[in-house]
Structure formats: C-alpha cells, structure tokens
Amino acid sequence: MPAATVGQTPSLSTFVKSLKTNSIESSIELLASLLKRRQIKNSRQCALATAQLLLRVVAAERIKDPQKLIDRIRDVGRRLVAAQPREMAVGNIVRRILGVVREVIESQAGDDGSGSSAPSTPTSPAHRQSKRPMISHSFSSFTPLSHSAAMPYDMHPRPGTPMDSSASTVDGMADLAAPRRPGLASSASYASTAPQNASLLSFLEHPLGRSPAGTPPSRNSPRMTPVQSSTELNKEKIDIKAEVIDGIKELLDELEVVDTQIAESALDHIHSNETILTTTSSQTVQKFLSTAARKRKFTVIHAEAYPNDHEITHATILNGGKKSSGEDEEADERWKPLTALGITVILIPDTAVFALMSRINKVILAPHTVLANGSLLAAAGASTIALAAQAHHVPVVVLSGVYKLSPVYPFDTQELIEYGDPGKVVPFEEGDFMSKIDVQNPLYDFVDAELVSLYVTNLGGCAPSFLYRIVADHYRVEDTDLSAKTG
Amino acid sequence: MSTVAPEVTAPSAEDQKISPAELKKRAKAEKQARRAAQKDQKPEDEAQSAEPQSAAATAPGVNGEMKAHETPASALQQQQPKAEKPQKAQPPKLSKQGSQEAEPHHKRTGSQAQQMPLRRRPSQTGPPTKVAPKKESKQVELFSHLYTQPRRHTIEGVSKDVHPAVLALGFQISSYEICGSSARCVAMLLAFEEAIQDYTTPAGASLARHLTAHYLSPQIEFLKSCRSISESMGNAIRWLKKLIVEIDPSTPEQEAKDELCERIEVFIRERITITDQAIAASASNQIKNGSVVLTYAKSSIVEKTILEAHAKGTKFRVIVVDSRPLFEGKQLATSLMHAGLEIEYLPFSAISHAVKQATVVLLGAHSMLSNGRLQSRIGTASVAMQAAKRDIPVIVCCESVKFSGKVALDSIVLNEIAPAEELLLPTRSTPSKPAPKDGDEEAEAKPKALSDWKEIPRLQLLNLMYDVTPAEYIRMVICEYGSLPPSSVPVVHRLANEGM
Amino acid sequence: MPPKAKKGAPAQKSKTSEDEREEPLQAVVFADAFETTFVPFTLERPRCLLPLANTPLIEYTFDFLASAGVEEVFLYSGNHTDQVEEYFKKSKWTRPTAPFSLEIIRSNARSVGDAMRDLDQKQLITGDFICVYGDVVANLPMETAIAAHRSRREKDKKSIMTMVLREAGEAHRTKSQNLCPCFVIDPVTERCVHYEQVRPRQTPRLDIAEEVLKDHVEVEVREDLVDCGIDICTPEVLAQYTDNFDWQAPRRGFLYGVLKDFETMQLSVHTHVTSEGYAARVKNLQAFDAVSRDVVARWAYPLCPDVNMVADQTFQLGKGCVYKEDGVVLARSSVLGRKSVLGKATSVGEGSVIQESVVGRRCVIGKRVRLDGAYIWDDARIGDDTIVERAIVANEAAVGKGCHVHPGALISYGVRVADGTVVNGSSRITKAKRRRSSGAAQAGKATTDPKIVGEGGEGYELAVDDDEDEKLESLAPGDIYNMSNAALSDDSISTLDSDDEHESLDEDSKRRSSRSESFASINSDESGDTRRRAADFHHEATASIVDALQKNEDVNNIQLELQALKLSSNAEDKQVRRTVAVGLMKRIAGLVESGTSPKDAVSKTLSPNKLLIQRSVSTNKEEFSEQVEFLLYMQTDLVHRQQGDKILLFVCNVLAHDDLIEAEGFEQWWEDPRSSATEELAEVRKETKQLVDVLVASDDDDDEDEDEDDESD
Amino acid sequence: MANEPFNIVSTYRRLLAEDEDLTMPVAAIEALIQGLANTPASTVSETLDLVSKLTAQLKQSIPNSISLSAGTDLFQQYLISNLQRPSDRGDFDQIRAHLVQNGKLFVERAKAARETIAGFGRHFIRDGDVVLTNGGSRVVGSLLRSAAESSNNRGSIRFKVIYVISPNKTAMEDESTANIAALRERDIPVATIPSTAVAYCIGQVTQCFVGAEGVVENGGIVSRMGTYQIGMLAKAAGKPFYVVSESHKFVRLYPINQQDLGIEQDVVDFRTAKGSVKDDEGAERSERDEGVADMEGKEGAGGKAAICEPHEAVDYTPPHLISGIITESGVLLPSAVSEELIKIWF
C-alpha cells in the first residue's frame, strides 16, 4: 500500500526502524505495547526486538555506577516481561545481557565485582521467598548454578550474620566464577568451572570468611587485588559501556546465525531415505532440513498445525522462506522450499499424525520455549505428536537456539499456555454458535522432558537431562528472577 | 462415523424429510422411465449383458443421464448409441457435462446442495482432467494401494443396470451428504429394497441365482465406485446375498421380493435403529453428574447417548473436539447446543488441553476390527492416546453390524483416501463459502497458493479418512450385546455377523 | 504507538518520514455518545470511563487508535469533563511516551454534529482522520482500510468517508438486538448507496431511490454488519456538517443526508467490510453485556483482561477463561465458575458461586452468594446469601444480605440496598439526582425511597425517562420485548423524542407492534418512511425547541425555525403540534427537576411562548380536534415527567386562562377515551379534574359519570 | 580405640536428643568437631586420621549410617581440600580453630537451609492441588506449612494434603502427626492413609513430596521404607514426584539396587516354625558391602554393625522416578546431583 504507511500496523521491522528515531522511553513503551498486542510474537522476533532495544538503552545510559546500568536493564526487562510473560525469549535475552554487563564489570573491576553485585544480594533464595515473582511460575531462582556458591567466600571478608552472608555467597561466587566462564556463547563443555566444586563444602567453609586473617587459597590469590579507588572505577566505566555494547552485538549476531549453526549438525542426524515428520513453519527446522537436503534424499511429512499456523505453514511449504515468517524482520531468511531441493514433501492434516507415525523414523520439532528441566513449550498439537512418537518409539529431536532456553522451572504448566483467538476455530460471524458454545484456542502445548529424545542447540546436541547445565552456563543466578528488587 | 440417513445432512430441518423421502419420490418417477426404457431396449440389453463393461458403458451412459434428468423414456430412443462414442472420446468435455448434470441432481437433495457441489467442484473437474496425467507424482507411494479410481461424481459410463435409487444414493454418498458407516448402510438397504421391487427375473433364470449375480452386483459395483463401502455395508450385503440364496426357488417372484424387502426392513430395524437406542441407553449410564464427556468428530450413537443422558437430567459438560476438513464435530456441537447442553468446542490441536478436563471419552466407530482395534475417523487414535495417557476411560459405542472379521495393525493397509482437494477448504471462513473464493484469498496472500499444489513437483497432499486405534487405549466397547472389552470383539462378530 | 512506528512498509525501505509527516493520522473521539443509554451511571461518571471487564472503555478505544497508528487524538468530552481530564492526567496516554498526542476538548456539544461543526471552526483537522466514539472495542487492522480510503480519495475528491464495518452473521449477540443498520453497497466500488435501520426478524421494506438502482448494476443489501462507528473521514466531512446545521448524528443525520442529496452534491461514502479482527461499540447496556462477554471469552483477543492494558493491572488467565488479579482471596468452599473476572484484593466468602461474572477490585462477596452473569464494579459489597443475576452493581454500592437482584437491574454508585430486598429487573437505583443539562449542574442529594432499597437503604428509583427503558431491559436479553412493550404501550408518542438516534425509529416501529389503542390511530395511516421522516423532523424540531427555550430565545425565532424545519421535511401540522407540545413539556419538566416549582416553571415557559401554541393549535369554534390532540400530546408526554400531574394542571390552567384552548376543547379531551387509555394517563390527569369540571361546569352531569368510569378503570 | 573421655557415638546421640530439629548429618559433623576439640591433634595427617577413626566408629555403631555419613564425608572432604593444600601450618591451626569455634554456626545454617526450602513451598503448591506425602520428614512438613501460610499477595492457595502414615507407631509418626496437626491448624484439610492405600488414591493426587535421608550419587534417594513404591505409583500415574532435601544430605553412595545400601536391615525375614532362618552369609556379605559403601575401609574397625529397627528401615528410590530434588538452592534434576557430588570429590 503506497500512501498508507501511516496507518500501517506495526511489526518488528517497523519497530526496529522506529528505534533509530524514537526516544528510549517511548521505544520501551512501544515494544511493551507491541508485545501486549501480540504484534511482535514468537521467540525469534521477541529476542531480536529485545536485544535491539537494550542495545539502544545501554548506548544511551551514562554509566556512573555499573550497578545503575544493571538496575536500569533489569527495570526495562521487568517491564517487557510483564507485557507478555509468555514470550520467554524476552526474559532470556534480558538475562543474557545482564550477564554480559556483570561479566564486563567483573573483568574490569576485578574484586569490585563483589561490590557491584553486593546490592543484588536479595536475589538469593533466602530473601527471594519473601518476594513475589512477576509471574508466579518464574520461580526462576532455581537453576543449578545457584548452589555453585560460596567458594569465593574467603575472598570477600564481610561481617554479617550467617544468614545474610550465606545469602551473599551466591553472588560473590557467581561474580568470581564469571571470569572463568567463557563468553556467553560458550559451549556446554565448560560446564563445571573450578570454583563451583565448593558448592557443598560451602556449608562448612563460610566461617573462614570471618576468620581473622583469612588468607585465601593460593590459586585464588590473584584476585585479591585491593579495592580500587572510585576514580579508578570511573575511568574504567568508560569502556564498560563499549564492551557491553559489543557483548550485545555478539548476542545479536548469535541470533542471526543460530539457525545456520544448528543446521550445520543436520547431517549428523538425518540419514538417507528416512521419513521425517515435522510441523509448523519453523525457520530453524526448514534450514536444518534444507541443509541435509543438499547431501541426502529423504521424505518430509509436514503436519499443517491447524488452526493457528496452517496458513503460514502452507506458505512455507509452497514458497520457502520468503513469506514464511509473515511480515517480519530482515530479508536475510529467504530460502527455497524443500520441494525445490528435490525433497518429497507430504502435507497432512494434524489428525493423520498417529496414522502415519508407524512409518516415520524421526520427528523434528521446534519449540516455543525450552524450560530448565528439559521440558518444552511448542505450538499446540506438539504434545500429541510427541506422544504418538513415543507410542511408536520414534525419536523426537528438538531444534532450539540457546536463546529459547529459559531458566524458568515449570511449576504450573497451565500458566505458561497462551490462549489465542477462538475466531480462528469458529468464525466470529457464527453468532449463535459463538455465543452459546465455549470455543477455546490454546496456542501452545506443554511437552514433558521424557518425551524428548534429543536437543540440538547451536552449541551442539545434548540430552534433556543435561539441559540444566547449558541453562546454568548462560544465566546468572542473580538475574533469573528479574522481579527481584536490587540494591 | 455419522448419523443415520435422516439426520445425516443434519443442521437444517428440511433435508431431514428430504433425503429418504426424496429417494422414494425420485425412484417413483424414475421407475416408469426405466420400465419404458427396458421394454424398448430388451434386445440391446441381452446383447450387452454378454459384453464387458466398456462396450456396455456407451448406451448406459445415456441411460444414466437420461434418468438423472427424468426425461421421458422416448427421448432416450432418439439418441443413437453411436452418437455417444465420439463424446466418450474426449473425457474432459464429458466430465464437464457430467458435473453439470450432477449439480441439478444435487440441488434437489436439499439445503446441502448449495455447498456440496461447490465443495466438490475441484474433485469433480479434477480427477478426469488435470490429475489424470500427473496422478502418479501426486500419489503417496505408501498408500498407492489405496488410490482407486477417483470417486465418481458424474454419471457417465455408469452401467445401465444401476437402479436410479442406487444411482442417487451413490452421489449422495460420494458427496458426504450421506456420511457415516451406519447411515450409508441404511440408505443402501433402502435403495436395494426399491431396486429389488423393480427387479424382474429374466425368463429361464431363477431369482435366487440371477438376482445376486446379475442384478445386485452392478449396483454394488457402482456404490463402490462412488466411495469404497463401509464395513457395515459389507456385512449387510453379505447378509442379503445369503438371504437371497436361501430363498426357495419355488416361491413366486413377487412374493419372494416382498419377502426380501420385509426382511431388509427388519434388518434395518433390528440391527441398527433399535440397536442404537439400546446402546445409547446403556452408554448414557456412563455419564454421571458432573462428568465431562469428551468426544471427537461426530457419531450418531454418541450424539444419541449424550442426548439420552441429558434427557435423564444428568448434569454434565461436553467437550467436542473437531478437525479439518469435514468439521463434523461442528454439526454435533450445534445439535447438542440446541438441546441446551453446556458445550466446549476445541480444535484438534487442543486435545491435550481437552483431556485435562475430561472424565470420560465417548467415541463412535467406523468399524471394530477383530483384533480389538478401532477403525474410526482419522484423529480418533490421537484422542484415545491422550486420554489413555491420562488414564481417562475411553468408551467406544458401536453396533455389532460394524464389527469386522478383518484385523489390522496400523492405519495404512486398511484405509480410505479422500480427495486431497478437500484440504484446500477455506479455513477461516464458513464451509458454506465457495471454495474458489478461498482460492483467490490464498492467492493474494502469497505467490503460490495451496490450491495449485498440483503444479508443484514433489508436493503431495494426503487426506486419509480413518485411522486405527490400538486396543490398549480402549477401555470398553458398548454394543447391543452389552459392554465388552475390545478383546472380545471377534466373539460378538461371529455371533452377530457370521452366526446367522 | 509513536508515529515512526508506522513509517515504512514491512521488510523494505520506508519512505523518508518527511513526506508522511505532511499528514499525520488524526483521530476524533467522542467521549460521550450524546445518548442517555447508561443512565443512571452516566449521571455521576463519564461514559467513557465505565469499566468493561475492569478496564475503562476509553482504554480499549485508545489502544485501538494506537495500534492503527494514529498520531493526534482529539477527545470531545461533554459530561464530567473534569473527571475525564483527571483520569488522563494519571494515565499513560498523556505521558511523553504516549503513542499519540492527546487533546481533550471541553464542549457542550449536544450531538456529534455539533462537535463536528465545532471542530471545523477550530481548524484542528489537517488531513484525513478517524472518527470514533469513546466506547469502541476493536482490534481490526486499519491499514488496509486507510489505504483503500486514501487511494479512493486520490482518484476522486468526492469520496469523503469510509465506514469500517465488521461482518457478523445473522443473529449475533454483539449486534444491536432491537435495531440493526442495513447497508446497501455497490460491491464493485464498495460505495454505500443506501442506508436504513431495520428491525431484525422483520422483513424490512427499503425504499431505495430508483436512480440508485439505475446507475448500479449490482447492489448488495447487507444486514449482517456490525456498525461500530469507526469512520475514516476527510476534512470535507466537517465542512458538510457545517453546511447542514441540522445534521446531528453521523448515520441518520450525516450519512442519510449525504446519500439523500447525492444527486446534487455527488459526495460518496464508501464502506470497508472486514471479516478479520474484532470490532464493536458499547452502545447500550445490551452491547455492554455482549462485549464484556466477548472480551472475557477472548473473542477480542488480544484485548483480553490478561493483557493488563492499564499499567497497574495484574490479571492472569486461569482454566476456563477465569481471570484473577493478585491478592484475590477465595474461601475454600467457594466456586469460581468459567468466564469470570476477579479484580485485585477481592474476597469471596464460603460457599459462594461465581460464574460468567465480572467482579471489580476490593469487592467483598459474602458467604453463599450466587453471582450469575453479574457485573460488580470496584469496592462493591455483596451480603451473604444474596443472588445477583445479569445486573450491574456499581462502585461502592452495597447489596445487603439475602437480597435478590433480578436480571437487568442497575444499582448505581454508592447505593445501599438493605437486607432481604428484592430488586426487580426494570429498576435503576441511584443516589444522584437527575440532571437535565449535561455536565454543569451539581448532583443534588435525592430522597431515599425505602420501597425500593428497603429500610435503612440509600438510593431511589430513577424516574424512567421515556427514552431509556429499552436499553435497560436489554441487559437481560430474554425479556427485552415484552418489557419494552409494557413500558411503551402508554407513552408511545413521547418515545419519539428519544435522544438516541439508533433507538428512536426502533421504538417508533415498536409502537406499531405494541398496539396501544392510544395513538396508533394517529400514525397508523403513515407509511414506513413518512413515519421515519416524521421521526427525523420530530427529533430535530423538539431538540431545537427545547434548546431555544433554554436559551430563552424570542418566540418568533423559534417559530421561524420550526417553520423552516417543517417545510424542509414537509411535516404535517399534526407533527408540528406534537413537537411543540412535547418540546414545551420537556422544557417545563426540565425546570421542575432543577427545583423550580411547577407553577413558576409553567408560567415561565408558556407565557412568553403563547405564540407557538396559537400557531400550532387553531382556535376556530368548530374544530376542537387539534386542541384535543395538543392536550393529549402534553398529557402523554407528562406521564413520566416528575410531578407531571401538577404540570398538566398548571398548563391547562394557563391554556384555559389565555383561551388558547376553549372549554369545549378540554371537555372533548376529557371525554376522549385515549386520554384515559391507561392507568398512568388517568393518573396524570387526575389533578386536572377539578379544573376541567369548573371549565365544563355549564355542561350537564353525564360527563361526570363518564369521568367516574374513566378513573375507575 | 577412641579415647575414653570422649565417646563420639554418645555425643552424636546426645546432640540428636538435645535438638529436635537437628538432622543426622549435622549432628555427625557436630560430633566430629567436638571430637576434634577434645583431642589434641597437631598435624594434618593426625587430624585426618583421627577424624576418619571417629567416623568409622560412629558409622559402625549407628545402624543406619547413610544419612550421617553424608555429614562425615562432607567434613572429611572439607578437611582434605583445605588442609592438604600446599600451605603453611598457620593455615591448619586457623582452620582447626575456626571449626572448633563455629560448631553452632553450622547447625544454624542447616536450619536456615530448611527454612529456605520451606519458603519455596508456595511456588510448588497451586490453588486446588492435592498433595501426597509420607510423614516424618521435617523439611516437607515445613514446606507444606509455609505453603499454607503464604496466602499473601498472590492470593489464597487452597490445597489438600494426603499423609501416608505407616501402621507401626514410632518416633517418626509423632513427627508426622505433629505436621498434620500443624496443617489442620492452618485450615488445610489433611487425610491420613496407610501406605497400602497409596495406589488407590494416587489418581486424585496432583503431586507428591517426600523427604530423604540421603541423596545418592545418581540422583536417587534413600528414604524411609515405602518411598520407593510411592515413587513408582506416582510415575505410573504420571504425577510429579518431588524430593525435598537440604543439599548437605547429598551422600557419596551409589546403590545399584535395594540390597546395595550398605546397611543391614532385615526387612525380609523368612520364618519357619523354628523361627527366623537367617543365613550368616547374607549378614557377612551385607557387612562387606557396607565397607565398600563408606570409602573408609571399616574392616579395620571390625565389630558387628547394629541392625536397623523396623521403623528406621529405608529403601532406595532410583532417579528416573524423581521429577526434581528441591534443595535450599534450587530444584535439581537428578542428573544435576551427580555433578555436584562429582565436583566435590574431584
């Protein structure tokens, strides 16, 4: 529509454009309202939007005190998450970026790390119990990382009652552990970083901190740099900003390449002439399959995911990437439809899944979100597919970028489900029907971890049981609960 | 799984009278036509009956048309069989003509008429013209054994022996106007009744021998060509043949025919009508106060059951899960809604949410297989599976006439493939919306629309009719012989369908 | 959202934002719809702030505008503007981060027309603008509509407006139950060629001008559309309003007018029919109910409670469309049924059952209470064992123990209903006094009526102002018709002076359906459309008279204007008469309510305006029928006015005194069966009895007898 | 062997007796510390030796040593990791000193941990839930209590509890009855069922919580008899099965089956008219197992391990039945437990 751009309903692309011109505050407001109106939805777009926004936010901040920056990001994050709690990618990205900031600060300020994180003490479980998580399932404090705590205790001699100091161990630990932790795009192999081995011992160790002359273990001594003067700090702050921005840029790049990275491992998972079942129009899955298609011939059975995604699914099958993700972001993701690559694609209604499952060798799913315990949320119908697969002992492979991994532990799966527009099930026009009959249209399904055979992330494959570690590597304990008041 | 003829084209009241009544009325009119025709054509008849179909196909083709038009018999005679030959040469033209004829024919069958033809149109023009060359590439190899010749929606090339009533029925079936195992069965028997009444044993042949072999079988063939016949129909036919053979040759023809019709009536009543009530009665006891009944698509028995329970004053909720492309559940929901029940209507994708609330699952059947598995509308298996996982009792309501001697492990060997075009249905708009409209909607939405899937190499659409539910998901089967575990289906089958 | 959000089409370079800044998308919002459909609530709160599913209506409207990419909003507010301003001071819409600039315009406009004219003077509108009421709930994508509008307008300057309409099947709860618009559309050009309002379930007879049919090969007659009052207008529209000072309403005034003189003006109005998204107007209580249910059942997705449109909301969706805010306390044995909404810090007592209800914040629901389809607003308290069905209980109101509130009842702000009271469906209880003149006057404390609220309660039954009862019943869908007929049978004429453009015709035709012998006779001869024109005329004329009277204009001017109107819509004298009668009565009643004694009110109004009456009622000795009619009109109109009987008495007194009506006139009137057709009528005229007796003293006793009979029935 | 004035076992018992809330591992640590205090050990090796001796002694004399061994192991590991670093003697003295000083502190922290866990209760229990638990465990009790109390800003939580109580009245039962009473106090409906009825009512349960005596290396748990079957039933019914345990109960033990717990409990006691038929082989074997189980070869210590009282009997619940382990620092998947333990020892 030529002249009509004024009236145009906003989307990710328009948002990103508006970022350049808008004031920060209104950009935040805008994104929040876009999320609320579901005008930006599905993990990838949310992730991109959030990252872009925070990039702006950080760029605009004048950083006096790094803690300010952290608080600022937290605050923005809180607002975004509140806008649409069920798009967890938003929260994930915010946490990742917070991680970047903390890391930068620590590597900058060395021991200041403790200082910078001290205010965030309350995030430790001891205090958290008194606070209400934003959406109550975000009982997110629960990541295994959190009890890799306390070792560094001896490094921050701090008076205080056992309680609150034991609390602060969490942060202290995390901070000091950080520098050892590789960049956020790190691979899972870094799982057990040395200081964590203290976890259980912390129970005993703490008092060392209070002992008169707690000389630290030698291997830690390098960190015993004396507290810098504030002037020093300020000097360093300058490049903190720069580094953080770089960090976010990295993150954005990761989001760009994530599908390609996942696709790289395609050939390790798909062999010749197998029959693969998939559903919805996930860009990740499509890339994955088409990569495999270059080398191997196989058959794809595609369930159409009625009533929410079928149109876009059809589009994907017919025309490949161009239109698939609706009017969303960059022109980058545009790929040929599988059929063009010589792959036979059989489109079936979701109902036929069970009937065909006995002839399928692999089910490939793309989640909406992956949860800390290895279970996942995916487009409605996924649980039926996964269950049918289990009944026929067909492996279920889940392709998920790390940005979809959420530290959230699913207490109440019901709360995670978004209910969509019943008008997609029964047209609104049918007055009698719609007024007398409850029509519901859940958008997501909860798929239990035990139904998933394998996760393939951009860091490689792993079993659902090991997911907790990858999650732990990417999120800081003190950030998992964004609603926690800091300082 | 759907209703008996009357309710079949359910939503609107008028066709309730129509379908059966229509059948009769039309038959009446056509009877004369046919009588006349046969008189004049006797000689040809003899000749062709010897010849194979192909030869026969020409003249009868005319017969068929003529009957659909109900043009007076004399009109037929004007046209020469030869004259047809060239026409038959170019199928497309013929088919077009055919579809045109099919439509006025549908029109007469009541409200559904407006939508049925439209809904059908793709497959009507489709099979003969476009698909014919490409078909190989468009068939899913896995199911190649199921791709019979495309369903018949036109009457060209129909054997002239096919009785008008049967002819009419054939089209109603192929267009889902009459849909559902028992419904089709009943309709078929009714049609046969008329056919038999119009039957005259040719000189020198005994009714018992000739009727089945030379008269009934073409009818059956025709029905098969319209849509592969259901288990219940099979059973009924088997029973009928047995019956005919048993007729004492000495009995005078008319008497014998009346006898047959008499027995058919009885069969319908005993094996289906009464049975349904019996089943509904016992199944409705499974619905308690406060229970939440989950059902899938549409089954006449389940519907009866629910209404029965409601009539008893039981307070309960119903969850109807529905699926593309037939949206049968919508009919069910609507009719239950009018009965004033509290209903929740969910798309297939929401099963997992549906079973969370459900306390009992009621399913209808296309047929019960002898290894205790349930063959029913595609998707049923998934529902049963989800329910079984949550340990919710899954109950199948099924007349014994649907019990089958066959066994099947998966849904692939035994199944039926519906025209893929059905999947092109407009999804956001009411079924009544014409299919072509949907076409352009999609077209403007994206460069290639699903509607031109045939042009896209290596893209296939698969539209199965049934799937097979493993026995372990089924807690109970309710038939007129009472409630039984799936394992004892064969027992009842012997008793009911072979025992007599 | 901020302008730039909309710049640039998706996924490709946007046009530089300058050329768009040339015409920012503007919107005009009418905070109140110039109807009284939400009385009594609108006596104390502005309509646009009434909570729908615990969110003020205006929020939905603004959210819609924001998502449509509007950049400037002008909010026209008549009633309670201070409250509106107060609200927006706090809301996010006035913050710098707001998606659009908001300007609240105080106006005493009495109709959309007035507002439009005012807007035209103010010269605020630069380009195309969207025009909506402040009660629109919609999420449909506007871009296509706007695009279409733009392209059309580029082609043809004469296409001045595009109406956005939502498809909805035949019977639809979200459509107006008792009257639905019928658009005749040229499917090719999407031009609306004819517009009428018809009653569902009646075969309407449309009178489409034959030239219309001539120059359109094909026309669609569509009755299946929800008209949610969303119009995309060009500035030309404003000009039109200004040119035609008598256009009040956008549909029956503007649209009707534009279509009528299409031949002369060549102005065209187009439609944009969408089957996507949701759109509805909370026009009256029935719509309020329907839309609330749509919103709760997520048909308006994503505009559902759990979106938490207002900053501090914390709704969460539970199973079966149950929305709870934080801090809701449910007793163990309480049952929270499907499709319910519970606001923050609301507590529900043991054994209470709530279903399909919306409960505001900080409400206290007692034990064993049953809420079925009820709307309980913030801070209300419901006593133990009380049953509330499809009814509204407004803020701070309190319903005692063991009460039963029937469907359709409205309990306004701060009212307290004593224990064990039964509130019937038609009653609307309030504490605020009725204010005729919108806005200004302060609410006088009304006297509590124990009959209604029980001993120790507070509040009184609001006198049913003739034009309202429909919509009130319509909250309880079941009994719309019988109820309204009951209400109608007596004051059929006076229903004509409804402020509500949408309902007037409806009642008009309803009157015919409910055959109250009284005045059916008068119009029974009229054909459908003359009656409608009558409706138009009467509607406008009455308004202008009352208006003029308030301004104490000179009689002659009034007379002139009346004459003009009469000619323009070649109304018959009869109608003029009716208008004058009703107009005067309205004015008087108005005065009376604002405290002046009937006597003064009457003299104040009548004495200067005798002329009017003289003109409309010929006083030649032979023909009394006109006088009789005049009296009847007054009588009927007064039936529902406060102290109507008194007024009638004084009026008659004056009339007799000034010989505007002779004794015979009165006599015939008195004898006329129609004047005592119903209880009320009889009631009203009781007072006047002596007067008449005196007047007709000369005549013999048989009148007397008749009188007896009359009163006895 | 242990020096007369100080008796580790009695100390341990006394500690447990003195403090209601004290868990066995903590008690064990306490005891060891006191032991350390009472005996002058000047060198690292001496200290370690002493500790291990005391440990062995303790384990041997306490019938069910699994839980406490968690404490002792932890303690030893701590000493090792701290003392055997290349570092000066001052370091050693300090550590020893601080240990001796801070005994009480550990106890407090242990309790703090429990409170923390209890604090999480609210998140696990939703409105309308029906929770099944088997009595005894203090931490489960406090978790439920806190859930019952926390009807704060998130609105009230209405849940019911089914308590599985074993027929034989024991100290444990008093514990559970106390819990039950406490819950009923707080207006939480509680039903008590015998362990035989679990399968019957598992259908209406929404989730299960159980305590643990020890969390073993593969993420499984050792808990009082009957937990295993509850776990299996929960699994069969597809209900989440949570273990609630402080992380200091992680014990370095890897049982491969029920017999492999390394403790002697004659649950299965075949009898004839002549009385119990008990082959000493079995006794021997199990004894040796035990030796393997606790890494200190306790043959040195010799002597006969006491036999568990029936009410102290425990069983082993394998990890695949466990949905999550709730510790003071979060919900762990069973798979995470082994990581934690691995990290301590290597």
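Per-chain numbering from 1; labels A, B, C and D assigned in written order.
Criterion: a residue touches a chain if its C-beta (ideal position, glycine included) is under 8 Å from a C-beta of that chain, and two chains touch if they have at least 3 such contacts.
Note that the structure is predicted; figures quoted are calculated from it, not measured.
Enquirer: Which of the two pairs, B-D or A-B, is linked by more C-beta contacts?
Expert: If we tally the C-beta pairs in contact for B-D and A-B, the bigger total goes to A-B.
Enquirer: Identify the chain whose mean C-alpha position lies nearest to the mean of all protein C-alpha atoms shown.
Expert: Located nearest the centre of all protein C-alpha atoms is chain A.
Enquirer: Centre-to-centre on C-alpha atoms, which chain is most distant from chain D?
Expert: Centroid comparison gives C as the farthest chain from chain D.
Enquirer: List the centre-to-centre spacing of chain B and chain D in whole Å, with centres computed as mean CA coordinates.
Expert: Chain B and chain D have C-alpha centres separated by 66 Å.
Enquirer: Using the average of all C-alpha atoms in each chain as its centre, how far is it in Å between chain A and chain B?
Expert: Between these chains, centre-to-centre, one finds 50 Å.
Enquirer: How big is the gap, in whole Å, between where the Cα atoms of chain C centre and where those of chain D centre?
Expert: Their C-alpha centroids are separated by 72 Å.
Enquirer: Round to the nearest whole Å and give the separation of the Cα centres of chain B and chain C.
Expert: Between these chains, centre-to-centre, one finds 54 Å.
Enquirer: Which chain C residues sit where two or more other chains touch them?
Expert: 275, 319, 326
Enquirer: Can you tell me which residues of chain A touch two or more of the remaining chains?
Expert: As it turns out, chain A has residues touching two or more other chains at 132, 136, 427, 429-430, 432, 438-441.
Enquirer: Going through chain D residue by residue, note those that touch at least 2 other chains and give them in order.
Expert: 152-154
Enquirer: Note which residues of chain A are touching chain D in the complex, please.
Expert: Within the complex, chain A touches chain D at residues 125-126, 128-130, 132-133, 136-137, 139, 141-144, 146-149, 162-163, 166, 170, 191-192, 196-197, 199-201, 203-208, 210-215, 217-218, 372-374, 409, 411-412, 465-466, 468-469.
Enquirer: Would you tell me which residues of chain A are touching chain C in their complex?
Expert: Interface residues on the chain A side: 1-11, 13-15, 17-18, 21-23, 25-26, 28-30, 33-34, 36-39, 82, 132, 135-136, 327-331, 414-415, 419-423, 427-432, 434-435, 438-441.
Enquirer: Name, in rising order, each residue of chain C that touches chain D in their complex.
Expert: For this pair, the touching residues of chain C are 324, 326-330, 332.
Enquirer: Inside the complex, what are the residues of chain D that reach chain B?
Expert: Checking each residue of chain D against chain B gives 203, 237-238.
Enquirer: Name, in rising order, each residue of chain B that touches chain A in their complex.
Expert: 140, 142, 323-325, 330, 333-334, 337, 343-353, 377-379, 381-382, 385-386, 389, 409-412, 415, 423, 427-430, 442, 445-450, 453, 456-464, 466-468, 470
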